[in-house]
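These are the structures, in C-alpha cells.
You will see chain A twice below: alongside chain B first, and alongside chain C after that.
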Partner chain A sequence: MKKSINIVVACGGGIFTTTVVTDKIDEILRKEKIPHKLSPHKITEVPNITGADLIVCTGKTSAQNKSGAPVMIGLPLFTGVGAEQFTQLLLEKIREIMAED
Partner chain B sequence: MQFLLSIGNGISFIMNLFGTSIVVPCIILIISLCMGTGFKKAFQGALYMAVGLTMFNALLGVLLGDISPYVTSMAQTVGISLPYVDVGWQGASVIVYSNQLGYIYLVLGLGVNLLLFGLKLTDTFQPTDIWNYYQFVFWAIIVQFVTGSFWLGIAAAVFMNLIVLLIADIIAPSIQEYYGYEDVTLTSVPQAVAPWAMIMRWVIIKLKIKERNVDPKGLTEKFGFWGEPLTIGLFVGLLVTFLGSLTVLGKASTWTGILGTMLAVSGVMVIYPSVSGLFVKGLIPLSQAMNVKIRSGKSKRKHFNIAMDPAIYFGESGNLTAALILIPIIYFISLVMPGNKILMLADIPAMPFMTVGLIFVFRGNILNTVIGGTIWYSFANVLNSNVCAAFTKAAVAAGVTQKLPAVASAVSKGLGVASWTVGSNPILWVVYKAFSAPGYWKILTIAISIAVYLALYLHFRRHRNAWYKAAGASDEFLAGKQEKAIA
Partner chain C sequence: MEFEGLSASPELVITGCRASNAEEVIRLLSGLALKKGYVNALFIEKILEREQEYPTGLQTAVPIAIPHVHDGCSKSFFAMAAMAEPVDFGAMDGSEEPVKAELVFLFGITDPSRQTAVLRRFSTLFQKEELLRAFTHAADSGELLTKLKEVLGDYILL
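Up next is the complex of A and B:
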C-alpha cells in the first residue's frame, strides 16, 4: 500500500494546459483526501521520467514511459467536456496504483 | 475611444511610477474580477504574474549579459552576424503585455471577440485563448513602433484579429477531425502556417504528385536530443562562444568563458518555461472562467469552435517527429541564410508548436510537413529579421533596459531581441507592411489589404465546405458534423 501518489502532468510547453490540469487534479485529490505530489513536465520528457506513479498528458500523444508509469490523456480536465467521467477513471486508476505496493 | 485613450494615459502615468511588473498584474486582476473569476483565484494569479515578470527580467539579464559579447565577436571572426538574440515566445508575450497596446488590447480584444461571436460574424470563440492574443498584438506593436502612431497600432491589432479568426474558422473542422477533439480550433502562433500548407496541398492534389511518408517509429528517439532545452542550450552556447572566440582559443581564460557561458545559456533555457509558467498564471483564471461560461451556455449554433491553447496539439506522434527532424534543418539554414539576423535560441524547443499548423492540413504526412516547414520558416526568418529593431524598441519601452544594465549595454551596441516563433508570420508581416507604408500610401495599402480580406471572408462564408476541405477535412467528417448539428 502506497502512502502517497506521485503524478506527473505534461503538455507541449509544460506551461498553460499543464498548470490548469495540475490545479484541477490537486483539487480532486484534496477533496478525496489522497496524499499526492504533482509535478509539471513537457511531453518530450515523458519517455525518460523516472519515479512517477502516473503520468497525465493534456493532449493526444502516443508517448510511453520507459520506467513503466501508465499514461492517461487528461484533456477533459482542460476543456471541461467529459470531466466527470475522466475524474472517475483517474480516481479508479490512482486507487488501483496505490493498492499495488 | 476617447475614453480608452484617457484610461491609457492614466495607466501610463501610473506605469512610469510603479513599473510594468506591478501595473500589468493589477490590470489583469481587474479584468478577471469583472469577468467573475472570484477574488482568491484572480489575486493569486496576478501575484504569480508579478513574480514571473520580475524573474523574467532577471533571466533576460543573465542571458543577454553572458552571450552578447560572443554574438559581437562571432560577427567579427567568422562573419556570421546574428545580432538579434531569440528570447522566445515567452519573451515576446512578456514584452507585448508590458506595452500599453498589449494590455489595452486584452480589454479591447475581449470586447471585439465577444461582439463578433455574438453577431455570428465569426464561428470561433476566442476569449478562452485570451493568453495567446500576443501573437498578433506583437505585429500591431511593430506597426506602432515603426509608424509612431498608437492608433494605427490599435487599428492593425483589430484587423489582424479578424484575419486570425478567419483562419481559425477555416481550419477548425480539419483540426477536429485530425485530433478527434470536439468543437476546438486554433488561434495562436502555429495557425499562421496553415494557409501555406493549404496552398502546398492544393498544388500536390492538382499536379497529382504521389505522396510519400516516413515512419515515425524510432525517429523521435533519434532526434529527441533536439527537443531538450538543456542540450539545446549547451549546443547553441558552445557553437556561439566557440565561433566567437576562434582567434583566442589558445588562452585558458577563453575556455573558462566558454564553459561558463554554455552553462548560463543552458540554465536560462531550463528555467525559462517555469518563469513563463508563473507569468501565464495571471491569465488562467480569466481563460477558465470564459471556458465555463461558453460551455455551460452552449448554444445550438451550426458552426461553433472554441479556441484552445496549442499545447493540446503538441504531443501527437506525427507532429513531434516532424518537428524534431525540422529543428536541426531550420537551425543550420538560419546560420547561413542571407538576410537572416536572428540567433535562434529560446524558441528552438518550441518547434513542435510550429508544425501543428502543417501536420493536420497534410493529414499526418511527416515528409510534407518537413518540406513545407523548411521552406516557409527559412523564408519567414528573413522577414522576421526585418522587424527585430522595432521589437527591440518595444522591449526597451517595456522597461527591460531600465532595470538591467546588461541589456541596456547590449542594445547600445546594436544588439537586440527577437522571437523566432511569434515573428515567423509572413501573412501578418504583409499586413504590418501595409499599415506602415510611407505617408499617404498607407491609405491605399490598407484599403487593398481590407479588400483582399473581405473578398476571402465572403468567399469562405459562401463556400464553407470547399474551404474546410482545402484545409484537410474529409467529406465524411463534414457530413457527420452537419447531421449532428441538425439533430
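Up next is the complex of A and C:
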C-alpha cells in the first residue's frame, strides 16, 4: 500500500489548464481524504518525468512516460464536459495505484 | 486568498470580429495588448507557436478558444473577440475536427501561481451556455465587459 500518491498535471504551456485542473484534483482528493502531492509540468516534459505515480494531461498527447507512470487525459475537469465520469475513472485509477506496494 | 486580477478594457474587446483563421484573431488581439504596452513582440511569436503545437479550441456548449502564454507579458490581461462568423481553431483534446470558435478569450499571464483563483473563475464561465450566448450577442465591447464584470467581479480590473 502506498501512503500517498504523487500526481503530475501537464498541459501545453503549463499555465492555464494545468492550474485549474491541479486545483480541481486537489479538491477531489481532499474530499476523498487521499494523501497526495500535485506538481504542474509541461506536456513536453512528460516522457522524462521521474517519480510520478500518475500523469494527468489536459491536452492531446501520445506521450508515454519513460518511467512507466500511466497517462490520463484530464480535459473534462477543465471544461466540465464529462467531469463526473472522469472523476470516477481518476479515483479508480488512483485506488488501483495505491493498492500496489 | 491573495490574487492578482486581470486587466481588461473596452479597447481589448472586439465584437462582430471578422477573421479568416485562428492566427489572424490571435494577431489582432495580441496587437491590441501590444499597443497597451502589456506585451512585447516575443509574446505574439510565442502565443502563435504554442497554438500551432498545442491548440486551444474547446468544444464547450458555445465553442471557444483560449490562446494564452506568459512569455513576453509584463502585465496580466485578458482580451476577447466575439466572432461575426465562427473561426476554426485546432482542438485541445486532439480531435481531428477543428473547433468552430464563436468566442476567443486571449490571456497574458505573468505569474500562474498568483492567478490560480482568477483562472479557475474564468474556467467556470466556459460551462455557462447562456452567458456565453449572451457574449456572442453583445452589441458592443462596453456591454460585453459589463456582463463579464458582473460575473467576475474583482477578478478583472477595468
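One rule holds in what follows: the second predicted complex is superposed on the first by the 101 of 101 C-alpha atoms of A that agree within 3 Å, B and C clash if a C-alpha of one lies under 4 Å from a C-alpha of the other, contacts with A are read in each partner's own complex, and residues count from 1 in each chain.
Everything below uses one rule, namely that a contact is a pair of C-beta atoms (placed from the backbone, for glycine too) under 8 Å apart; a residue touches a chain by one contact, two chains touch by 3 or more.
Treat the numbers as computed from the prediction; the structure is a model and nothing was measured.
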item: Chain B versus chain C as contact partner of A:Leu54, first or second or both or neither; value: neither
item: Touched partner set for A:Ile43, first chain B, second chain C, both or neither; value: both
item: Which of chain B and chain C A:Ile5 touches, first, second, both or neither; value: neither
item: Touching partner for A:Ile25 - first (chain B), second (chain C), both, neither; value: neither
item: Partner chain(s) touched by A:Ala63 [first = chain B, second = chain C, both, neither]; value: first
item: More chain A residues in contact [chain B versus chain C]; value: B
item: Set of chain A residues, in rising order, touched by both chain B and chain C; value: 11-20, 23, 40, 43, 58-61, 75, 78-81
item: Of chain B, residues touching chain A in the complex; value: 131, 179-184, 221, 224, 227-228, 273, 276-277, 280-281, 284, 288, 291-292, 295, 306, 308-317, 320, 349-350, 352-353
item: Chain A residues touching chain B - in the complex, by the definition given at the top; value: 10-20, 23, 40, 42-47, 57-63, 75, 78-81
item: Contact footprint of chain A on chain C as seen in their complex; value: 50, 53-54, 56, 58-60, 66, 68-70, 91-95, 107, 109, 112, 115-116, 119-120, 123-124, 126-127
item: Residues on chain A engaged by chain C in the complex (per definition of touch); value: 11-20, 23, 40, 43, 58-61, 73, 75, 78-81
